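For clarity, chains are labelled A, B, C, D, E and F in written order, and residue numbers in each chain start from 1.
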């Protein structure tokens, strides 16, 4: 079962609309193989950005969604038994290290300590990955880079990165695109006309200000594209917003009312 | 042990009585393969609805009841040892992804994080399922759709979906059917006459208002069908309600008395 | 290692003395294969009742004592390795589902969530048991019925059945038999004369009222049969009660004294 | 690896000095195969008593020291892999059930729930042990009896037996032997003269009254035998008591002083 | 993989300087095979003492450092899979029991309950080790003795030995050697002259009195030997004390200052 | 899969700039094989120091990043199944012990107890590593040395080393280099001119004083090298500092402002 690195290459250019110098900064960081952390709220485009950079830098991209039940072995590899006894199988991180891919650990703060600690020797001058169970030290391919992400907004303090981990990364802060950019994205991806897209963006930005009143997070760009998609299919504005924004964002009756009021104010 | 996808096809049309535009909305969402979440109380018809939609869209339906002891491997698959060494066995989600079924994760909030995180790459533009342990990236069959459900009423805050998960779904809110519809359903499924069915519905709705006084949940439509079934078999109204409503809903002596009073008021 | 379903058939009629319409109600519920829950205190006859019903309905009875360390695999089945590789072994629930037995999950509230959730698809219109690990959907034998039990008296709130589980069952409440019936049972099972049996029943009922003063549970019918057994063997009334009631019910010195006083009052 | 039941037979009569009717009561209980629980403080002779009864009744005795890390499989059995695939290996309880031994579960309150629940079907009229993993129901050998023990003094409430478990047992309360009996035991087992033994018993009983002042438990009979053993070997009374009583009973400096004062008062 | 008991024999006499009658007392206890517990602070010589006794009694010594992640199987043994199926491998305790070694469980309070309970049958008249998983009862070799240790000073109450465990042992209390003895030890082991050794001992004893002011433990004899070793190598007294005492004992800035002041007072 | 010890040798001399007598002290400690603990903040050069010493002493260096999910088996070794049955595989610690390497346990306080306890017999006069599962006692190669590290600044009290562990090590305290040294390091490693390097060092030292105002840790030397790297690549001072210092050090909006003010003050 050899992992075919080419299945991790992006075939077509992902749509990404830059909002500043982030592409240049990332290129400089990659040129020196500095480890990167992408910080920002859910659905603001971090995953799309890393896909775009992988395409631009012509590197395969291996993405791992971190979670508290993932072990270091899930990342690094393990022995599996086959007809000839146990055989070592590289995990996704090891594959990236050997093959020179960009390894993207999404929501790294959700990972257990053995996972975050496993990446330390890859993020300093050593650029090695010790496979203790195999007695092997893998030196990183010259093209390998490590990128991680997290959302500083809602995880609890107890899930912060340890200082000894976070000091190993250059950090880029992402946020929702500005109003005009977001309208362009939604019009393009949702297939609706620019005026309607701008209206949706205004509504979306209003929901984001509700986080001050107890909403976990406001509507992401992705959610507004969902809304646009249903509207283009002929569903009414109210029904589209109810399904893709109001009901999707909250279960709290008062917040439901607040969101419905916002919808009415924009699409009455 | 190949999984036979045809065993997941529904042979006969499930009985479902629409209460609004939910069938149309779901069809639009499915047309764009938007991930869906069905929200609503126990026994109000979410499972029946998804069975009906699977039948209507002629898709196989693979249902997984989520729980806190289920691992990502239970969903995605694992290696099993046989006479020729270890062989990979797709889990139910992977089967659905490969074969183009609708995968229905019932009570998704009960699942552990590694389960909910595993579905992220299936719910955005990528529509992929990385099988890290196998070094394989499965691209979803064009017909595949992911649907999840939960009951916003009684699970604790600590079991809420993370924003980064819930923002990936279009949400539909379900509730008990209106009085007339519920009576039609109960008369049909319980095999009793419409007048008696309406009486049962009135009683059921009264129990639902007891949630304000500490009852976890009121009688579901399914429970009222049980009551009807026993009454049709010749059990007295009181004994039927005692077994299918009062004793089934609560262990609390005061609540038992309150429920018996309701029964007496409707079937004295 | 095929499981021989006949080893689960009861060979002789279990002694059961009905205290109301419970036999008829259960027969009606079984006729429609409605899932049943038996509620009631320890040792009041729930196990004896389900054995009697299994004998009366000529069904094999597969009993599983639930506990917090039991996994869904213990119930449903698992792969085991033998000389020819891994072979699937049905668990007790799957055996019951395939062979048309009554499956009795004793003290179901003690089970973990993956166990209780595993039974959901067996308790609605579907009557199926998905074996996810095997990629097989088992449709229940027409004779299969699911019966569960629990004691509403002493388990903590945190171990309540979830509403989405409990709404799937028709509930029967059991209690200790009435005074005359209990005396008949004790005289018969303990082999003592009716007068002495009635004395023991009076004593037993007094211990049950001590639950208001901190005793976990009063003497069960089974305990009174133990007392009768020792007395018939020639042990004195006091020594028999000390061993089978007082020391068996409590470790608390004050409660020991209270119980001894009760014994003296009845057998002085 | 067949378990040789004869290795569990006692070859010579264990020394046991009865303090009341406990031997007769146990014989009556065994005659009816009533399950027994032995309650009492550490080192008061429960283990010696069950060994004596096993010898007297000519039954093999299988003892299991319960603990919170023991699983039901440790008790009941499991599949193990050998050259011909997996083979079932009976656990100690199953061996006792099949072969007609007395199974003694020492400190049963320390066991996990799956262990205590596993014994339920052995303690009522069924006298069966279902081996769910094997699909086998073992009916108990006519000579099998289950005996458990615990110390009601120091385990926390959270480790009490569940009422549904404890109501299945006839209970015998043990305590330290009376002064004269204990002196006879110590003289015999420690090899010292009766006068010195009586002095040691007086000292031991004084330490037991210190439990009111915070000592976990006073000196057991076994500890006094240790003291006698060292004194017979020529160690001074003070040094013997320091090692076998004072330092063995406590780490608390104040309690050390209190115990030394007691020693001085008895052996000055 | 047979365990070679001779690898556990001590080849040369360990240096041990007796501080009282501890050698004689241990010999008496060993003569009757009484289980022993060695109590005392870190680095005061408990391990050295048991090595000396093992050498003096010409017994192999098997030492196990207990910890909360060690299982009973780590101690007793387990089945391992090899080319011919599973084979039983004795753990260190079982090896000691079979071969007549002294088994030394260091820091026994750190062990899990299944470990401490496993030693019970070895510490009373039975002197047996039941290997439940193997269905074997190992009778202890006549030369076998069990010795355990712990530090009563700093573990929390929750990690105390259970009374039912601690009553099985004869206890010996150890402390740091007296001033003169400690100086002799340090001069000999650290290779420095007696005057300097006495100075170091005075300093060490001062650090021990700091436990009243919040230091976890004062300098052990072993630490003072480290200091002597560096000083003999030409490192200055201050630098030696800084590395082996001050920085080694604490991370607290105030305590660092207090310790430096002590050093200055002794080596200014 | 033999572990090739030569892959752990350093090929070129690591850049290390001594700040005091630490090299000499370490050499003395190594000469007597005293176990060492390196204490100090993240990124101050502990790892670089041990690499330098390993190179200087011509010893292979085996580094293990400790974490709470690492088991003693990860360190010591385990049996793995291959075509000929189970074979023992040495862990990284065992490899170091056998081959005479320096074993460096980075962030040892993060390890579980079974890991820290496993190193005890290697850190006293015995210098042995018992492999209990293999029944083997490995005597350390004469060149073997154990070195551990931790950051006393931010781990909680609950993760302190136990006194019985910490007393086994000679301790060296590390801190950030002095201003001049740090500027030399940054100029050299970041490839910038000395004046700019000194400016960056001044900024870095200001961030370190923010720990008094709630920042977890100030900028490490490594972070300042990152800043220099980006600046040399043509990124503006502000953008470089934003990415490598401000966003990398904190998610807290107020702290972000404080850090930006510091940057402006140094690079306005």
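Quick note on the criterion: contacts are C-beta pairs under 8 Å (C-beta built on N, C-alpha and C of every residue); 3 or more make two chains touch, one makes a residue touch a chain.
Here the structure is a predicted model, which means the values were calculated and not measured.
Trainee: Among the other chains, which touch chain A and chain D together?
Mentor: none
Trainee: Going only through chains that touch each other, how many steps at minimum separate chain B from chain E?
Mentor: Between chain B and chain E, the shortest chain-hopping route counts 3.
Trainee: Rounded to the nearest 5 degrees, what is the angle of the rotation relating the C-alpha atoms of chain E to those of chain F?
Mentor: The C-alpha superposition of chain E onto chain F needs 60 degrees.
Trainee: Taking shared residue numbers divided by all residue numbers at the interface, is the value for chain C and chain D over half (same) or under half (different)?
Mentor: Different-residue interface.
Trainee: Hey, which chain ends up farthest from chain C, C-alpha centres compared?
Mentor: Checked the centroid distances; the maximum from chain C is F.
Trainee: Chain A to chain B: how many Å between their CA centres?
Mentor: It comes to 30 Å between the two C-alpha centres.
Trainee: Roughly how many whole angstrom separate the Cα centroids of chain D and chain F?
Mentor: Comparing mean C-alpha positions, chain F is 52 Å from chain D.
Trainee: Quick check on chain C: which residues sit in contact with 2+ other chains?
Mentor: Residues 81, 84 of chain C each touch two or more of the other chains.
Trainee: Ring chains in order, chain E leading off, chain F next?
Mentor: Listed around the ring from chain E, going to chain F first: E, F, A, B, C, D.
Trainee: Given the complex with chain C, which residues does chain B contribute to the contact?
Mentor: Going through chain B, the ones touching chain C are 1-4, 7-8, 14, 42-43, 47-48, 63-70, 74, 80-84, 89-92, 95, 106-107, 110, 151, 154, 216-217, 219-220, 222-223, 226, 229-230, 233-235, 239, 243-244, 246-249, 251.
Trainee: Residues of chain C touching chain B in their complex?
Mentor: Where chain C meets chain B, its residues are 21, 24-25, 28-29, 31-32, 34, 37, 39, 71-72, 79, 81, 84-86, 112-114, 116-118, 120-121, 124-125, 130, 132-137, 152, 160, 162-164, 166-173.
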